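One chain, chain A, appears in both complexes that follow, with chain B as partner in the first and chain C in the second.
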Partner chain A sequence: MKMKIKRWQAVAVWKWDLPDEDDVCGICRNVFDGCCPDCKSPGDDCPLIWGQCSHVFHMHCLLKWLEQESSRGQCPMDRRPFVAASA
Partner chain B sequence: MLNIMSLKKKKAEEGAQAGGSGGKKKASSSQLRLQKDMDKLPSTLKLTFPDANDLHNFRLTIRPDEGFYKGGTFEFTFTVGTGYPHDAPKVKCSQKIYHPNIDLEGNVCLNILREDWKPVLNIHSVLVGLQYLFLEPNADDPLNKEAAEALRQNRKNFESNVYRSMRGGNVGSTTYDNVLGK
Partner chain C sequence: MSNLSTKRLTKELAELQKKPPGGVTLESADNLSQWVVKVEGAKDTLYQNEVFWLRFTFPSNYPLESPEVVFVRNIPIHPHIYSNGHICLSILYDHWSPALTISSVCLSILSMLSSCTNKERPPDDSRYVAHAAKSPKQTNWAFHDDTV
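== the complex of A and B ==
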């Protein structure tokens, strides 16, 4: 039997590289593989941010927090100054 | 396929209608987060929602089962802004009570409601924090200075002041609310 492929569609899945894929963002409590409450779709539009302290958040959630004066620039988990880890 | 498309269209129409009449509003991020926060509570804490559709305003009843304030029923109102969880919820005691960390207007001095709030905390953390204030009133951070002074000087004396205040009695020149009923 000879087959000829006329058309094909590639399907791919992706997920963030996290130790626990069911983990949630500490700020919005949505899963990391989902997006922050202000976004519609996960992925590059709603990226994650890793701190040098090893804590991870949706970038939008964390930036919203850091914009506030009361945050004093600290990581919401450990209250150390939040410094983004260089990828 | 056709079916799905027509469903989608119907939904969009409904959405447009709701948006126009202001009926079903889209859940805000603070609302979504609040829904995730309301998990199981210990029997000493109870939440009531005057408006079931409004998760942002509710009341808390604390019935401490040990400590100075055992036997009392203490009521608080919670107002959660749309900035939650980036902003702390606003909490007030709706009774006039004798407590070192709660003033006569009902303002509460609890670190996580003020300078130590952070968005990874939740309503549960605040509830537990409030409950802790009734188990271990803190004389070092007072809003009611007389009560704090009494606690620091003589715990027995403070205890009898609390006992009197909870029955609607006077401590000093102030008459407190009876919190034993119900």
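== the complex of A and C ==
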């Protein structure tokens, strides 16, 4: 049988590359494949940020924390100075 | 309240109702900003068979800012708990982190009770209680005892 494709529609799925897909952001407790509470759609508009300490957060959540004077620039998980890992 | 606090508190409320940690029960949460949680003294500790209530009051920017946590009704006799219900525990003040939850705070307080070897009020209890502000978050705490 010979077929001629006249039209096609591509569908793709994406996921953040994380060891555990069900992992949640330690600040908002939403799953990483979802977005932070202030965003509508996950993905490039609501990126994740990795620290050198290996802890991950929604970037928007982490920035809100670091803006607090009481954060002293520390990672919420281990209280060491938060330094973003270079990609 | 911000999106962050409303959504996070809604999640924590559901989790606390569905699967609370051992010895912890949500007693009331009439609104999202103030809850009362019942905690039971652990078995084989000085507080076995005792029941206490913690009142959580959440600021509008929770969890970026710590909740106010105090004992109400029945105040445990403990070297770090004042008779007005204020608790000297660093994670509630200087060492707060947004990664802490209501459950984890309750467990820390229970563990503070469990490790107690001598039931007594803090040595400066009457002086502190006479001058303390209504909220323990106004107190300038000094944390010097890492053992309890």
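We adopt the following convention: the second predicted complex is superposed on the first by the 87 of 87 C-alpha atoms of A that agree within 3 Å, B and C clash if a C-alpha of one lies under 4 Å from a C-alpha of the other, contacts with A are read in each partner's own complex, and residues count from 1 in each chain.
Here is the rule we go by: a residue touches a chain if its C-beta (ideal position, glycine included) is under 8 Å from a C-beta of that chain, and two chains touch if they have at least 3 such contacts.
Small disclaimer: the values here were computed from a predicted structure and weren't measured.
Novice: If you stack the two complexes on chain A, which partner ends up touching A:34: first (chain B), second (chain C), both, or neither?
Specialist: After superposition on chain A, A:34 lies in contact with neither partner.
Novice: Would you sort A:47 into first (chain B), second (chain C), both or neither based on which partner it touches?
Specialist: A:47: touches no partner chain.
Novice: Considering only the touch criterion stated at the top, classify A:79 as touching first (chain B), second (chain C), both, or neither.
Specialist: So A:79 meets both chain B and chain C here.
Novice: A:70 contacts which: chain B (first), chain C (second), both, neither?
Specialist: It touches chain B and chain C both.
Novice: Give me the intersection of chain A's contacts with chain B and its contacts with chain C, in residue numbers.
Specialist: 26-30, 36-38, 61, 64-65, 68, 70-71, 74, 76-77, 79
Novice: Touching residues of chain B toward chain A in the complex: what are they?
Specialist: 28-29, 32-33, 36-37, 85-87, 115, 117-120, 122
Novice: Mind listing the chain A positions that touch chain C in their complex?
Specialist: It is residues 26-30, 36-38, 61, 64-65, 68, 70-71, 74, 76-77, 79 of chain A that touch chain C.
Novice: Considering only the defined contacts, which chain A positions touch chain B in the complex?
Specialist: 26-30, 36-38, 61, 64-65, 68, 70-71, 74, 76-77, 79
Novice: What residues on chain C touch chain A, complex-wise?
Specialist: 2-4, 6-8, 11-12, 63-65, 94-99, 101
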